[in-house]
Amino acid sequence: MTVHARGYRPYAGLFGGPPAWWVILQANVEAVRATKAMRVLTVLLLIMACCVGLLLYAQIGLDEKLAGLSPKQAAPGALVESSRTALLLALRIYYTAATTVVSLLAILTGAGLVADDLRARALTLLMVRPIRAVDYALGKALVLPWILLTRAAAPGLVLWLLAGAWQQPGDTQAFWEATQNVPGAIGTYLLLCAGGYAGLTLLVSAGTSRRGVASALAAAVIFGGFVLRGIGLFRDGSAGELLRLTSLPTNVLAPIISPHWETMHDKRSQWLLDRLPDPSGAAIIAGGLFLLGFLRVWKRARSVEVSE
Amino acid sequence: MNTAAPTIAIERLSKWYGDVLGLNEVTADIGPGVTGLLGPNGAGKSTLLKLVCGMLRPSLGRVRVAGEEPFGNPGLMRRVGLCAEQDAAYPGLGAWEVLTYLTRLHGFTKTQARDLARRALERVDLGQVLERSVGTFSKGMRQRFKLAQALAHDPDVVILDEPLNGLDPTGRRALSEIIRELGDEGRCVVVSSHVLHEVESLARRSVFLFQGRVLAEGTREAIRSELPDHPLHVRLLTPEPRLLAQRLLEAPGVVSVTTTAEGVEALTTQALAFFDHLQASAGGPGPAITAILPGDEDLEAVFRYLTR
Amino acid sequence: MLAVRGLTKSYGGRPPALRDVTLEVPEGVTGLLGPNGAGKSTLLQCVLGLLRGFSGEVEVLGVDARRRPRDARRLVGFMPEADAWIPSMTGVRAVAYLGRLGGLPRNEALRRAHDVLHHVGLGEAVYRDVVGYSTGMRQRFKLAQALVHDPALILLDEPTSGLDPAGRDEMLALIANLAKDHGKHVVWSSHVLPEVQRSAQQVVVLHQGQYRGTFRMEDLAPRPGLFLLEVEGLSPAFEVEAERRGVRLAARGGDEDSPRRAFTAQVEPSRSAEAAGVLLGTAAATGARVRRLEPVVEDLESVFHRLLEARGDRP
């Protein structure tokens, strides 16, 4: 028989595990996922993806009908171009919705990423562990990109693959070749979105311990930018160019919507196409925001005071 | 003007907020001198003090300060000084200026108020920093300032809610000294605290609050003697523990005797007879007693017995 | 156990927070004392390897906290004074998360989190959100998170602040148990001297950024010939008779009409041993009853103030 002592027990197991930034990332992604806003928005996006998929499927079928062909009779490659237009439209619709969702997510949940920690004085519990400030900043900075990866990138790629599969037999290969820059555009979208939104949320979030303030700031930047861009549409020269770069949602959407507008040859589309944000400018803004947000959080974590 | 003695009479006083009961049929009489108001967090101490200061209206029962009901009776506040637990935010004015202003609210002329404010600040040892902004004060200085603000209009009922909270030992000693003086001057001083040994040295009489009820009031010895279910624990030091232990077995009401290296620990249910016996046999031959240490007569022990 | 050499830290412009502090904290439970602004916070920050821009050396259990701050933090558990929690996590999740950051593998962290939360007595509340905890529960939570990675040194910043008497007793018992039965070293910053006196083996005193000395609790000196006395059923004859038998009495405040009165009683130090007998006899002869007769021992508070005033400057 053995009688075990009650009370405190020393730890007899091993030490070791994944790097700290990974643990922080995981914990935060989990926490964001559990929020109500995130759940609602995920369901919305899922419905959106299904609707757009159906639309695409119907559009491809309709094109076949209009061409007066029974499925077996089409000339090879005859319908690839119209399917491409349909896919680009579907992507434009989906990513416009996704960008709205990401904007809301950034405002509702992202703004709390660091602000909530500051309010809870969580840094006095976190930074006294064997971790570096850079682990904390990295973990926090990757939360939004990580969520975007599954919520935004995956559905677009699936649509692209499905649209190919729905082509006339034998056209699939030709379709994917004709639309080979779609994955690249989605990738660019993802990078811009990840950088810009993550940077913005960290920047506003690390500046205050009140989540409401951070949310309001993020909303002001996003919507304010939208308005400024609207003004920029009617200005010429470099002032207009700069103003047109201020809308984060438009910046990140540009790689997705410009290919679609290119397929439409009316004057209005051309006018808008000419006034899309400059891609390198958008990239600099996204990268800059990310860097600034990251540095701000890093500094905040580094300068933690364990007692007041 | 009211000239009745500075006393607080509380009669079947109850207070609830919505459905939450803050104070439950409290009856107590508090006279001149320092009285401790003791109880854990949430026991109703602050509610009681607010009722005494007329900041809340009783739900049931009555409270009278110097014979008058405090609620809706601003004239009475001329005789009452309150040092609240929370820190108020003061504009960036000098301490003297702020306090002059606050004192004038009691109906003094500007010259009188300036004089009173100065004297109060000097009393709490802030005479050196009359012009400094209260916002720049340290925690200890703010606490002193709050006390000065309670004392400036020379009230004879002084209510101090957790006055020693967050002070360092030096600050505690200085403030305790002032509080003791106030009691010796014949003012009715009520000090609330959940740190019992702080009050032990300040107040002879205490009111014990627990879950909104008064558990006991009086001096700790008187309360202790009202708790016959808990045999008194007495430690006696002697060079001959075994001999003394044998003797004590015959003493009245003794339920257990334990010897230690330096003496004897005894539990007795008849404290008075036990001490008389001890004293009567001390003169005669037998083991010498070098110290008598009651083990559970302090506020902490009394409080423990009352609440368990 | 903890060694600091020549530690100086200033925050631009103001007088330095720490001035050339050299001290050695021995094993066991050590109180870290000093008035506000003495530099205790800065010292804690430094021991945790989170202080930058200072000069001097800090060694925690043989690890250089300046050059290898993360290795030092591995050995240290810290319980902050201010309320702190991890947003939107239950108690057990938060402690497990902090355990993982302390180097525990995922499953071990969760198991260990249950262990320590149980040990501090949080019971079923571990599955609730920390935000809903009472003050006492939050305090326990903070202690548990400091223990989760089984550190050898535990730093406590005012661990009993905001607790009621029962909570204080339990917190002190937990601390004592960790030190005595599990060989943990404890450095405990506090303003509540009686608690430190009861639970610590020694104290380190800082004042105005300088080290003022270490004092071992066992060196608290008795004051021969001086007693605390509480008497019931007092008559004027008692004081007269006591005086006659060579005892000087000084009343220690209190109500005139209280049945019990407190005095400080003083006899010649050489008669210290017989003083108790004399006083008991006096009481018996005058119909009074002695309820307390306690030899006065210097308390930590007076030692503390002596150390503060040691260099002649005002505390």
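The chains carry the letters A, B and C, assigned in the order they are written, with residues numbered from 1 in each.
As a working rule, a contact is a pair of C-beta atoms (placed from the backbone, for glycine too) under 8 Å apart; a residue touches a chain by one contact, two chains touch by 3 or more.
Every value quoted in this text rests on a predicted model; they were computed, and no experiment measured them.
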item: Shared chain contacts [chain B and chain C, defined touch]; value: none
item: Label of the chain whose CA centroid is most distant from the centroid of chain C; value: A
item: For chain B paired with chain C, centre-to-centre distance based on mean C-alpha positions, whole Å; value: 23
item: Chain A-chain B separation of Cα centroids, rounded to whole Å; value: 60
item: Geometric centre distance via CA averages, chain C-chain A, whole Å; value: 52
item: Contact set on chain A toward chain C in their complex; value: 7-11, 13-17, 20, 23-24, 27, 31, 34-35, 112, 116-117, 119-122, 124-132, 302, 304-308
item: Interfacial residue positions of chain B with respect to chain C in the complex; value: 33, 39-42, 138-140, 166-173, 180, 184, 194-197, 204-205, 219, 221-222, 237, 272, 275-276, 278-280, 282-283, 288-294, 297, 300, 303-304, 307
item: Chain B-touching residues of chain C, taken from the complex the two chains share; value: 33-37, 134-136, 161-167, 169, 191-194, 227, 230, 253-255, 258-260, 273-274, 276-277, 280-281, 283-284, 289-295, 301, 304-305, 308, 315
item: Interfacial residue positions of chain C with respect to chain A in the complex; value: 40-41, 44-45, 48, 50, 52, 70-71, 73-74, 76, 78, 80-89, 94, 97-98, 100-106, 108, 112, 115-116, 119, 142, 145, 147, 149-150, 157, 177-178, 181-182, 189
